[in-house]
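Got a structure for you, written out below as structure tokens; questions coming shortly.
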């Protein structure tokens, strides 16, 4: 594996300096940097094709509609959806998951029913289910973890029951970086008549996803974690299920007829896209998908694996470092490493690394229940992406070695 | 008034050609074009400051947070909100209005209560209220129009009653282009203990708005109709009212503590901003506000008034043209002109104008109840903005004169 | 593309003075079609007997393209078998989608060929095909 | 800014070995403070009698900056009047917000001056001021 990939040059922010420093950007789990191809697609859209799609009978509006609907087709291909109409654009994964909670959850979950999620869910795939459970008098049940951080197989078997209406689970944990076997969880959910919602926020940018193969009923992700601009997210849903659902946001473009007291709804996907959509964001998403598929997921996975394999042995040599999710008994580790330094709070760690231009995240990473379960108040997280290099890892580890010293502890 | 404003040069799309034609862009009611200052602010953000705000302890994330929170402060100043925390960013005006419907409406409207809106509302300020009324067994009542298209003063007086819980009304109609005296409607609403939601989508880009002077409880608008990128919208709400409301979207960043079964919420404004927000969009919004305030609303209003005053007499000379909302008895006409050509369907009109590079909108403009009330199936709409010129009007009217001929009608 | 490649004399004639815009006393089947986003709405009335479309007429509102397209269609399908009529609808829709361009293959569309250039106006495709989709729905459900 | 302008010896000492991190048997008032986004949580315990802060201590978890800031504060306010203590809190917060920079004016903050450079680290401001906001809340409610 070459240390520096030829496409690193495409990322202006990573080539520039922030406060006089080159950044080793290791917070890709939070958001990714954008190649100039994506930035250019946004500027190109606003500079030459901008109009309100769907609404105009003039050429510019047709152009905008084309760009928007091509993004939908491209996204459908990207995750192997059966039809473009199964792709709903949202502002982020969080909105996508809330859409399912409001429009599917509130309608299909009743008193005494159960919703099953995992303890490692991001708040965005957790708090909406608390809301549905509470609103409908249902029970929210948790799948806990094996010793190695993977979902407890026993919990999957026993907690998903005939009473379960919804199973919601992430494909990759945003803290532990472990890939869940969502295909088998979907199967289990279907065997009891439940639908399965998969949170793809941490997977779709890092591995090939095939929603038809997974057979999941819903799949949610954000563009900004996959080289796209912010403000564009995706909800995939099976056509028949989306078609039977009530709308979520109501207003322009999602209606068929509006009478004073009653309205009827547009067909999918418009039914779930109220108001003016983010066409610039959709243009950026298309450019990002083109970019990623140009590089191929085989290569992206290889790059991330190389970085993990390079970093982990070095980290294990530091006795004061505690790692989470790094001893999986399955071959399912992705490029996310959560850790703590003995005696030192994660925020101090992040500040000290930042001083050397190394960007990692510190805190609960929107996963408070998981941290409580791990009996940690907070943690640090380094998360890699295709443009990271072994040099980034070197800088990260060199900075880690300074941390305890800065706070006056021995090594 | 100079015919061509010096700042026209700032708008790349208007200076370029679409399919070999310069565009006379007269669909500003749907969305506006962007000056390069705004486009540049988006590119600059992604090229040099991109990170997930609020979540990082490193310099880049602090920069992103700064950009995002400065946009909030700037927006608060722009509409004269008391505090930045009263500004909630959404993806568009439609989401903002749905937020109020879900989080205020569903909680504060009960069986037998009344919601009052006007017949000229955009679907986005209409269908959400149908939803709330139906869900809670409340009554949705309409303020109809005077002969001249203005809201019926009598209806305002009689339909807003002690039973009214919410009054929702647009500041400027997106079809008739008439400015409503929302300040007096707010007063009336408050006098019966109702809250007043003002849809500012068609006003905020065209006139100075002071939400404290209006004293409205909520005020919603979209960035894309005011030179900003798509994917960013604003809900203003009075602090105490927002503070007492339940959250809307649930997930990352809007929580305080998440337990397995219960959560508590972050303070305003975070409580209503779940998941990763559109920082690039916020950067663009700041640039747009700077741009507009640089030009001043006095000047923008004068430009639009000049265009209307220039166009209307010419239109009135064409016997086959029917105008809507152009005979207001008040001095409240804005730069929106809705019209029909005798015997010709609006879509044919738009197509024929498009052939000459004149972009107008045709259809119901997301205002079906208004069109039904006007006994029109659909209409054409030309809507002006600061960069439009008398030459655009000339081209529009010249093309209009051809329409009946193209379809084989005499003039 | 020049405007009069779409707004042809044929189209103008059929939209200004449609021959078949009226009710049908003997209708055996009526079907509504609409484009909510445009506000176009037509009601197609057919007299179908022994597998033959004996009469066709329509009412409704819409733009010149949709009105002319409907009138031309009504003329064309009179006296055709149900199967033939559905075949014509398929062919017309393919023409407007730009999937068939060969003039010879399209010949049987006759006057409807005048709408061919709508294929180059994505915003108006819906207007042109409304009647033909409605016809297909009507004949499908008539079986 | 160099790292050791923030992570000074004073800060390291107070965070590693806080003098006042314990419960107070004689507490007349306890107040919780937290930064949910960081996970920092402290409980401040005060003994206030006759308008004087006689004793101060704390428990909880947090980063070095918040722990040191709390410990230094506890030391500083012992023996001060309620009014003086609140004045110090105001002054400290102003210093961290960068509103007061004059060394002389800040002199009475004593060891807390060691935290001055946190003003240049926006991401850590919350950590530094947590204890002082909590103190202000406690003394306000004690009235």
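Lettered A, B, C and D in written order, each chain numbered from 1.
One rule holds for everything that comes next: a residue touches a chain if its C-beta (ideal position, glycine included) is under 8 Å from a C-beta of that chain, and two chains touch if they have at least 3 such contacts.
Only a predicted model underlies this, so the values are computations on that prediction, with no experimental measurement involved.
If you take chain A and chain C together, the chains in touch with both are B.
Of all chains, the one whose mean C-alpha position sits at the greatest distance from that of chain B is D.
Averaged C-alpha coordinates give centres for chain B and chain D that are 47 Å from one another. Each chain gets a centre from the mean of its Cα atoms; for chain A and chain D, those two points are 38 Å apart. Averaged Cα coordinates give chain C a centre that lies 80 Å from the centre of chain D.
Taking the mean of the C-alpha atoms as each chain's centre, chain A and chain B sit 31 Å apart.
Counting partner chains per residue, chain C has residues 37, 123-124 touching two or more of them. Multi-chain contact residues of chain A (touching two or more other chains) are listed as 56-58, 61, 255, 257, 347, 351, 363.
Chain D contributes residues 36-37, 122-124 to its touches with chain B in the complex. Residue ranges of chain B in contact with chain C, taken from their complex: 343-348, 351-352, 355, 363-364, 371, 377-378, 406-409. The touching residues of chain B, counted against chain A in their complex, run 12-13, 16, 18-19, 23, 25, 27, 30-31, 33-34, 36, 38-39, 42-43, 46-52, 55-61, 63, 91-95, 97-98, 101-102, 119, 122-128, 130-131, 140, 142, 222, 224, 229-233, 249-255, 257-263, 274-281, 347, 350-351, 353-354, 358-363, 365-366, 368-369, 372. The part of chain D that touches chain A in the complex is made up of residues 3-4, 6-7, 9, 12-13, 15-16, 37-39, 61-65, 67, 121, 123-124, 127.
Every residue of chain A that touches chain C in the complex is listed here, in rising order: 54, 56-58, 61-62, 65-66, 255-257, 266.
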